[in-house]
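The two complexes that follow have chain A in common; it is paired with chain B in the first and with chain C in the second.
Moving on, here comes the complex of A and B:
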């Protein structure tokens, strides 16, 4: 079990996604790149509006259009560029190879279809099975996520929030996906249910050997679930690395600030340390470092150029000028 | 569900009593005197008028007459005898109502098909050229008075082209023009309702879920979006249909169709109270059934409403059971 298949199966290259509204262009995702190995969990962390969900929708080519548009970049799944695929080819990928668990389970299920039908729908779409077989498989899926199969014919309004999220998970995992994207799967649930749902997800992920892209702003969830972490700020990945690298060897001032703003139960502090200021307006991003205005370690040079992404050692990437000199010493 | 329907049917009784009382009262306070009109107008002798008043029992107190009316209705099923023709209202209504119903039903079906189809196209092609064209036509349909569009259509199809008859109701050809006129004006409002309802539903998260499953767009729209968007549209259609059952007086007049609308307006003009009374009662009944039909249609579309109906039946049971068995449970 421990032997990791380290082949890269998903590669995102220079992805740019904009929302073109009447009030200007919102630059939601700016030139982000990352790779995922089979079986690994990558967490995308960042504040609201950092472009995490847009990135995820981009992977499924489901960015609402209009106003959203994928401007540039490549998304390679097993070497094939998803952005070059026809709508029909993309429909075959969605729901079978790449699936998604959405943020709000309350609204993610069709209120007038039975939960069983909603699960068997995806099974029928991607497998050559009869109606009865699909229903049987849907029942198995329900059992897997911890819902009795007898509830196949029930409607979403007869379920609690946590149960609904389990149904959404069942839909996402029904066709044995290669990549499971989960967009803040627990932020709409209360804390006790969060733990249960995360547990179910982790368990099934191991059982099905699915890779997972976890979108969250909960660093606790990240620590529990991820192999790698990408920290997003204003549509860019500002720090990327293995969980250990990012958590124990934090480099970027923004990541550091995120950790500093967490409460620490070992220390007796009156107030938490917030990150001062607000994220920059994504419709008018500066042409220098986008974190400059809030950065505590800013330098004169930071206002002059947009920093390049640097490898500070062993695949640990940081987009900050502070480490420009360090990199030169590496070389 | 059967329980719910039974409950709704029982609710009809107070509704109908209320409607009868209101219609009676309105006739009572309306100016004009049926006896004077029947006697031949202002020139009639007071004796003649008094005689007719006595015959029609118009001098009896209001409560007595109302009681008499309800008694006849319940015991004989008689909804009134026309002052003017001395014919039972029921017979005349039975003759006219089917014409009105036919016109209303054909128009409503026509309008629903066209309206919903165009509404969906409008919504999924939002802001496109097609959407604008449809919006323009629906605006035209809503704002164009029916008498004017009727006359234009008669001018074109009956007089110039001589394809369709301009009045009457004997063959299916006669029904085309009136139903098209009513249908298009109704379709116009259904288009707008369907469009806005679809646009709202398409933005919902569960539509994104359906797309994320890899479902083809056609099924996403027809299965997931349309069914959810249909509830306000069904309300709209039901409302229109109810109004149409009351008779489309202008259309009936233009196309010379003996419908119920014209019957009632003529009766009001003649102060023929029993006719007004009886027709209003029939219409109230018809409207109540349309409403019940719409409510049942909701339940067929939306399981949440189904649960609600089921609980309505149970709620009463629980209330009575609580004081006794509340603690045991």
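Moving on, here comes the complex of A and C:
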């Protein structure tokens, strides 16, 4: 078993991803940077079109090209830039060092191959093992995610949604990856099943010491799974920090507005406070703060510049001019 | 005085190759005018089928439905058609419930034309404009097609269409689950405002418990075609009595990181609604199941005033004398 160290193993620097379409350039990911420590769970939160999934696909160098293109940036995995690797080298990383679980378990499994074969396929591809050894490892993996090994020979359609997602998790973790990217892993599942699957993921993460990048729009899921949180809006990280910093000491007006617009099961609120307006069109983003049009705390200066990312204390990063003065007083 | 809507022992069965599927299996409830009844449950529990059967979008297999005191369990074709003026539905998916080849105006005016609710073109335009204003759709969208609009605006078209004939009763089938949270809040607020202005009665079907708590007066929890608990929104969340409701509420991930979490993890998954065995539908996954639960169907019993539960062991589980 790996020893748990807290060194940075993944670093994303100034990543920019665009989709070049006939109707203009869609600026999906705009200059985002973050670091992940070994064993950490980082959540990327945001609404539809915030660039969460594109960021994840970028990490795997899987952005569909064309129309997608990684314009700039670096993705350093243990100091090596993934964006400089040959397709062959990248192939070796995908599935062994970095793996991904997609939202919909119904479409991410091959319907005409048994689930056991689908797991052992990954194992054989990345390890020098015999067919029998791979099958044995696949059986172990099934047991780990809570499926009896006897079901090795069953096909995906014989499983329910929650069980299928467990199979997908087994495939993703079969080669003991360093980083597991989960794109809305439980959004298609019912709450009681979601609770079971999240519980399994939590246990496995602890057992295997895997780091996880969790992509979700559900702030409840974030609260239950993450160490750190990055809130995305219009392709940018607008707030980043430890779970407690972002949830209890919320700074960015967008993050605050997200919390306010959510019906809370523990509170009685007569009316919700929606965020007025819509997310900006990613093919014509403003050159000032992209949340300006919907912000309740906007100021005159917000229209003039694109705010810089500021540290408001202990690594709590906010991309908002409201805190510019606060920081200068700190200095 | 008669109830606004009364449903008695409603059943909807489907014949399949593997036997009879009990989608809705003996559901009874009543609604007051202006009330919102939330129906919650997980996929396959029959909540959408219930909503559609009440509206006669699906023919009930058995049971009685009374609307404003009138028996509508077995309407004639004409009666069924006329009922549309009084009861309407808003569907979950604003992407597939609007005809992609019709403009916003055509979609909203269709019910008005079918029921000859307007005399001339001028009046039709006026009504459409009024409806768009009511649901907060800007006038400039009148000639656009649904695909040109975002999810929130599309759902507003669905709401405007449902309101066109000035119904008194609307079944809302997961109206906000396809929307982002910030848009979801806009639509929920709109629905609350409309209810107040137009004195609407809602059946609000959803799997999202925080949404249902926010919008409903009373809540029914369904499991595999039957209602297991029915009470006011407040008492359901303050003190759930049925073991399934307890597990369901404990499973919701909530965003307050300082709230203590006591999660009840359920064993297994929802069983098949085809030819269900006798006894409590939930018994196989229940932590408190006794022998009786596997042989005898529990019936709805009023434990506290207005708080009904269908569970053999409800008193033991909750230490009620």
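Basically, the second predicted complex is superposed on the first by the 324 of 331 C-alpha atoms of A that agree within 3 Å, B and C clash if a C-alpha of one lies under 4 Å from a C-alpha of the other, contacts with A are read in each partner's own complex, and residues count from 1 in each chain.
Here is the rule we go by: a contact is a pair of C-beta atoms (placed from the backbone, for glycine too) under 8 Å apart; a residue touches a chain by one contact, two chains touch by 3 or more.
None of the values given here were measured: they were computed from a predicted structure.
**Student:** After the match on chain A, would you call chain B and chain C a fit or a clash?
**Tutor:** Overlaying the two structures gives chain B and chain C room side by side.
**Student:** Could you read off the angle at the CA centre of chain A, spanning the centres of chain B and chain C, to the nearest 10°?
**Tutor:** 70
**Student:** Is A:121 touching anything from chain B or chain C once the two structures are fitted on A? First, second, both or neither.
**Tutor:** Touch partner of A:121: chain B, not chain C.
**Student:** On the A-aligned overlay, A:132 touches which partner chain: chain B = first, chain C = second, or both, or neither?
**Tutor:** neither
**Student:** Give one of first, second, both or neither to describe whether A:162 is in contact with chain B, with chain C, with both, or with none.
**Tutor:** A:162 sits against chain C, while chain B stays out of touch.
**Student:** Which chain, chain B or chain C, is in touch with more residues of chain A?
**Tutor:** C
**Student:** Could you tell me if A:223 is touching chain B, chain C, both of them or neither one (first, second, both, neither)?
**Tutor:** After superposing on A, A:223 lies in contact with chain C but is clear of chain B.
**Student:** Rounded to whole Å, what minimum CA distance do you find between chain B and chain C in the overlaid structures?
**Tutor:** Minimum C-alpha separation, chain B to chain C, in the superposed model is 6 Å.
**Student:** Show which residues of chain A both chain B and chain C reach, each in its own complex.
**Tutor:** Shared contact residues on chain A (touching chain B in one complex, chain C in the other): none at all.
**Student:** Which stretch or stretches of chain C touch chain A in the complex?
**Tutor:** Within the complex, chain C contacts chain A at residues 42-43, 150-152, 180-186, 188-189, 192, 207, 209-211, 213-214, 237, 247-259, 261, 263, 265-266, 269-270.
**Student:** Per the contact definition, I'd like the list of chain A residues that touch chain C in the complex.
**Tutor:** 47-48, 160-163, 190-196, 198-199, 217-224, 243-244, 247-248, 257-259, 261-266, 269, 271-276, 278
**Student:** If you look only at chain B, which of its residues touch chain A in the complex?
**Tutor:** Within the complex, chain B contacts chain A at residues 204-206, 208-217, 224, 227-228, 301-304, 307.
**Student:** What residues of chain A sit close enough to touch chain B in their complex?
**Tutor:** 60, 62, 87, 91-96, 99-100, 102, 104, 107-114, 121-122, 125-126, 155, 157-158, 168, 171
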